[in-house]
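First up is the structure itself, then whatever we jot down about it.
Residue numbering begins at 1 within each chain, and the chains themselves are lettered A, B, C and D in the order written.
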Amino acid sequence: MQHFECDYLEGAHPLILKRLTETNLEKTPGYTADNYCETARQKIRTACEKPEAEIHFLVGGTQTNTCVINALLRPYEGVIAAQTGHINQHEAGAIEAGGHKVIPLPHTQGKLEADTIDRFITDFYQDESYEHMVNPGMVYISHPTEYGTLYTRGELEAISHVCKKHQIPLFLDGARLGYGLAAPGTDVTLPVIADCCDVFYIGGTKVGALFGEAVVIPQPGLIRQFISTIKQHGALLAKGRMLGIQFDTLFTDGLYLQISKHAIRMANILTDTLKAKRYRFFAEPQSNQIFLIADHTTIEKLKKEVSFAVWEKYDDEHMVIRIVTCWATREEDVKALCNLL
Amino acid sequence: MQHFECDYLEGAHPLILKRLTETNLEKTPGYTADNYCETARQKIRTACEKPEAEIHFLVGGTQTNTCVINALLRPYEGVIAAQTGHINQHEAGAIEAGGHKVIPLPHTQGKLEADTIDRFITDFYQDESYEHMVNPGMVYISHPTEYGTLYTRGELEAISHVCKKHQIPLFLDGARLGYGLAAPGTDVTLPVIADCCDVFYIGGTKVGALFGEAVVIPQPGLIRQFISTIKQHGALLAKGRMLGIQFDTLFTDGLYLQISKHAIRMANILTDTLKAKRYRFFAEPQSNQIFLIADHTTIEKLKKEVSFAVWEKYDDEHMVIRIVTCWATREEDVKALCNLL
Amino acid sequence: MQHFECDYLEGAHPLILKRLTETNLEKTPGYTADNYCETARQKIRTACEKPEAEIHFLVGGTQTNTCVINALLRPYEGVIAAQTGHINQHEAGAIEAGGHKVIPLPHTQGKLEADTIDRFITDFYQDESYEHMVNPGMVYISHPTEYGTLYTRGELEAISHVCKKHQIPLFLDGARLGYGLAAPGTDVTLPVIADCCDVFYIGGTKVGALFGEAVVIPQPGLIRQFISTIKQHGALLAKGRMLGIQFDTLFTDGLYLQISKHAIRMANILTDTLKAKRYRFFAEPQSNQIFLIADHTTIEKLKKEVSFAVWEKYDDEHMVIRIVTCWATREEDVKALCNLL
Amino acid sequence: MQHFECDYLEGAHPLILKRLTETNLEKTPGYTADNYCETARQKIRTACEKPEAEIHFLVGGTQTNTCVINALLRPYEGVIAAQTGHINQHEAGAIEAGGHKVIPLPHTQGKLEADTIDRFITDFYQDESYEHMVNPGMVYISHPTEYGTLYTRGELEAISHVCKKHQIPLFLDGARLGYGLAAPGTDVTLPVIADCCDVFYIGGTKVGALFGEAVVIPQPGLIRQFISTIKQHGALLAKGRMLGIQFDTLFTDGLYLQISKHAIRMANILTDTLKAKRYRFFAEPQSNQIFLIADHTTIEKLKKEVSFAVWEKYDDEHMVIRIVTCWATREEDVKALCNLL
């Protein structure tokens, strides 16, 4: 049986386990106040070219989204997201549990367009009763998106411009950020993201860590006492150095990008085979997630030998399925899958 | 200047003010525990043919929706509503502030269809990851809808059937219920609603009262200690008898239906004229709200002599506008408006 | 049977009903955007000597407290209150439902002392783990307090000074404000309150209105878009002019103070009799609420002819009971009660 | 420098890291649906003598408390806790952020007494206005408590009895449960706890794991679809097997109890020395936390060579300080500390 259903099937990059083991009996302060977190912060600041950036480490994506969004919004504001945004679909209502509406906008293969956002906000404030409605208080985008697609630098800058124009912050969910940065031909780098976004996070859980997400706030002080919001949401890890050690390792000698590139190479092998075998793509494959349109017969047949995610209905005869590679995907497994397809 | 922008421009039916004045210096217990509330409850139970029904009086619609929805949902559940539902659009995020997502479904002129709901819920639980998503925990409909349209008895029963099948409650927002009950040709009566819904409310604010909504729970005990949820939401009126006296008056000698019928007669005069003058309707006029498609020139011209609501964009050249009658609309004003159109 | 259990037994001052009746069929914009609200705002600004103050009208006290506190606090902050504060005891958890802790401090007969607050906040920030605790984000006091006691001008100024020193707002709950302003010997006036507080409200429900509380924000803009928070909490009255007309009436020709003085005079007659008859007071009677310590036999005997509130246990043999007068209390009833005591 | 400030200074028991490393590249389903979680669940069920128990794994204590409390309470209910309860003091308002009040009751060295709870609830429902107040919806206790003290079996059973009498659930926070179970002379075992409590959790973070808490629900189905509440609170670990492997290891061959006993032995050495040197104890030392009363001079002197927690003010001259041992404390460090004292 081949496993390609998601990018969190394995543990962590072996170097991480090695360092966790080496440092295991050291005594350090809790709650990410240790030196490992501090060196990890420095390395991330350097990678982002933002020497002043404020950096926080959290355990998982849903809690990171919740903490950031709760900290940025006023009570009567909501967060703009693509209809397909993770916060709108797969977080069991975490944003609403914090008191805020997710304002879903139409998307193109998971991507929001600057114009869509601009038009929505402009129209919103032209409505005489805007004070009776949830005000758009920030924009949430994912990069790569939930369909694996990527923004270009120009698209990100355009969205950033719209946010600045309307004086609301832009937050980028980078749960799979490594796979976006490692994609061939992308012009989006960490410094570009740090220039465009008010807050973003660098995903560890899906990119080589046991768990962990690094929140970057390029302008320190944007969020007051964020640590308290993190604690209130149960997202402040007691043994915080587990996060510091993992991100320090990932941001030493370019490991984060290097393992991401491996996942992309594995995905590309798959994509080439799928194209050759005339599979239909639901979204243009750009990172480590591949979305296909498959009929029920094909799905049933494949299911016997490969595990993958059945994503959503396409039409009465077809479903959208998702195949995912990651930092740990072995080339031999990819080749075995290619033979099966 | 003629005013047709909404149905809460005037005070209350004169009988209500008369009774408030007559009883003004009586001393009664607070918080709707007085005898006026009790007789009003009895009259509403009789009108609904539900002698056991539990009845609560609140001040306004947004707080009523919030209290009912909060009391009915589990933490991880959301409320299904039409995309155009009042709770999804014009309550400043009150439902989300209480921790719950509004799950918007497609509608037809403001109406949800039983099939749409059924298909959504069925598909929802077929998704392997439904535990990671907001579960549909109840259905919210408005009657009349936000576009003034009406459900038929058959449609209500079909929705009720779907809710029972999936074991979730059905809640009907009756902010303008009188105007629905008074519409010519409708087969929806209070007993029909009481049979179909787990909770509904009879709107007073827009139908002859200074303020007030009467929540009806046909099966008493469905919501435990609802009074505490009402209090927690700041929706428990200290001088509660103001609500009792108003609803008692409205449900004496058929006043509620009688004044609603007047509003419908006024709306029908307008509709006839509009049809004669070949105005385009955005939704089939069925109650006291009339939605028209009008171009910018017409709108600007009308605005000089009539106030109405500009509801939403129709296309680049046209807007949807809303004209509303109510229990207090004078026939002479309607005729003046007809002449202007 | 004599009724002295609370100050919301009757309707409204007759002048209010008269004006509601006179204006009943006028058509005005909704949601407190009408001219009656505007003139009421002007009169309140004048009474407070704050020509720029921002003023909002809400229906009841619990919702007013919730809206103000939610609008002022950051997510990780709580509100300091006396242990006996209304928000800590009798609002069914409304503040917590909005996500905030009430931080209860010791009190003297319902009053917080500036020193208590100062010491608490100073100690709080000396704790190394203050970021893991609910930060004191504002101070809530009631005037008169829940025990009917009154702050002096000096005490208010001292609390205000402590709040400014720690850069947190001071909010005064004036549900019974009239009875505080009308107390003999008080040096606390509306302008004094407006100088000391960042937000306060002038209670209508318990002082002559059918319902209604007027929130005063002396420095406009302190709360951004407060109307949206009010709407979100279901506290924005559709027929908002009901609030404007009531407060306009109360603030015309000194009616608010005049009817409050009547209540105080009635309370003083009672207090004199109680002192003469050697009743024990639980708190020094200063406004319209009188708190006595009574044994079970006395209570049972009194209960047959008077209704009053049994407030709390004093010791195994005694309870604290509350007797209340209001703007509508008749002198003959007070005398009858005096004879019974 | 000796470190005794808390019990989460080190990583995990070496066996845990060994097993995480051995299994690192295995592919398993996410979100605690893997086989390691399943075997861990079985071992915990066996240890609790509850073969049907429902078991969930979460990452940390604050999120565990929040999820359980949110799942058990109705909107208008609060949770009874000792004034010193972790949820009342050190979770940055997490419970209130979920909409619920913590109802603090007086305690004895961190312990609640059955009588205190019983009297509070009985009195509560005798108040006529209990519907206007936060209803006591559950009881939260910690074992060991925040002062390191322990309940006896009799005390637990008495509290359990009171909860059953009032039909509310009992929840036990076992963040340091191992140290309670390992204490000499205790008659509280896992089966005893499982018999007394409706929900409890077995702490991993402070007892040998990198992180992780195991929630035990002896009667399955008490909480409906708890996984969704966990997900909504961002507490569902993507690579859930990290939790399964850790708890499987801790519950194999009695490791959990064995390492806990070590901590207790280390604490006892310290206690003996402290008693011999006539230190004053703030609470009777019963588990791995030792609370002392020390004057400022002693504190300053000790601080140069030992790190410990300054817990709270005792009086103007003294503070309460806390010294903690854990599974990883080395005997040589304890002896070094004894020499310093």
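Following the convention adopted for this analysis, a residue touches a chain if its C-beta (ideal position, glycine included) is under 8 Å from a C-beta of that chain, and two chains touch if they have at least 3 such contacts.
Every value quoted in this text rests on a predicted model; they were computed, and no experiment measured them.
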Worksheet, complete the sentence: Sorted by label, the chains bordering both chain B and chain C are A, D
Item to complete: For the pairs A-B and A-C, output the one whose chains share more C-beta pairs in contact.
Response: A-B
Worksheet entry | chain A-chain D separation of Cα centroids, rounded to whole Å | 33
Worksheet item: For chain A and chain B, what's the span in angstrom between their mean Cα positions?
Response: 41
Fill in: Averaged-CA centre spacing for the pair chain C and chain A, given as whole angstrom
49
Discussion item. Which positions in chain C are in touch with at least two other chains?
Written reply: 75-76, 91-93, 97-99, 131-132, 228-229, 231-232, 236
Response to the item:
Counting only contacts in the complex, chain D reaches chain C at residues 75-76, 78, 89-93, 96-97, 99-102, 123, 128-129, 131-134, 310, 313
Discussion item. Residue numbers of chain D touching chain A in their complex, please.
Written reply: 3, 6, 8-12, 14, 17, 20-21, 23-30, 59-66, 91-94, 97-98, 205-206, 210-211, 228-229, 231-239, 242, 328
Discussion item. Residue numbers of chain D touching chain B in their complex, please.
Written reply: 31, 70-71, 74-76, 99, 131-132, 135, 224-225, 227-229, 231-232, 236
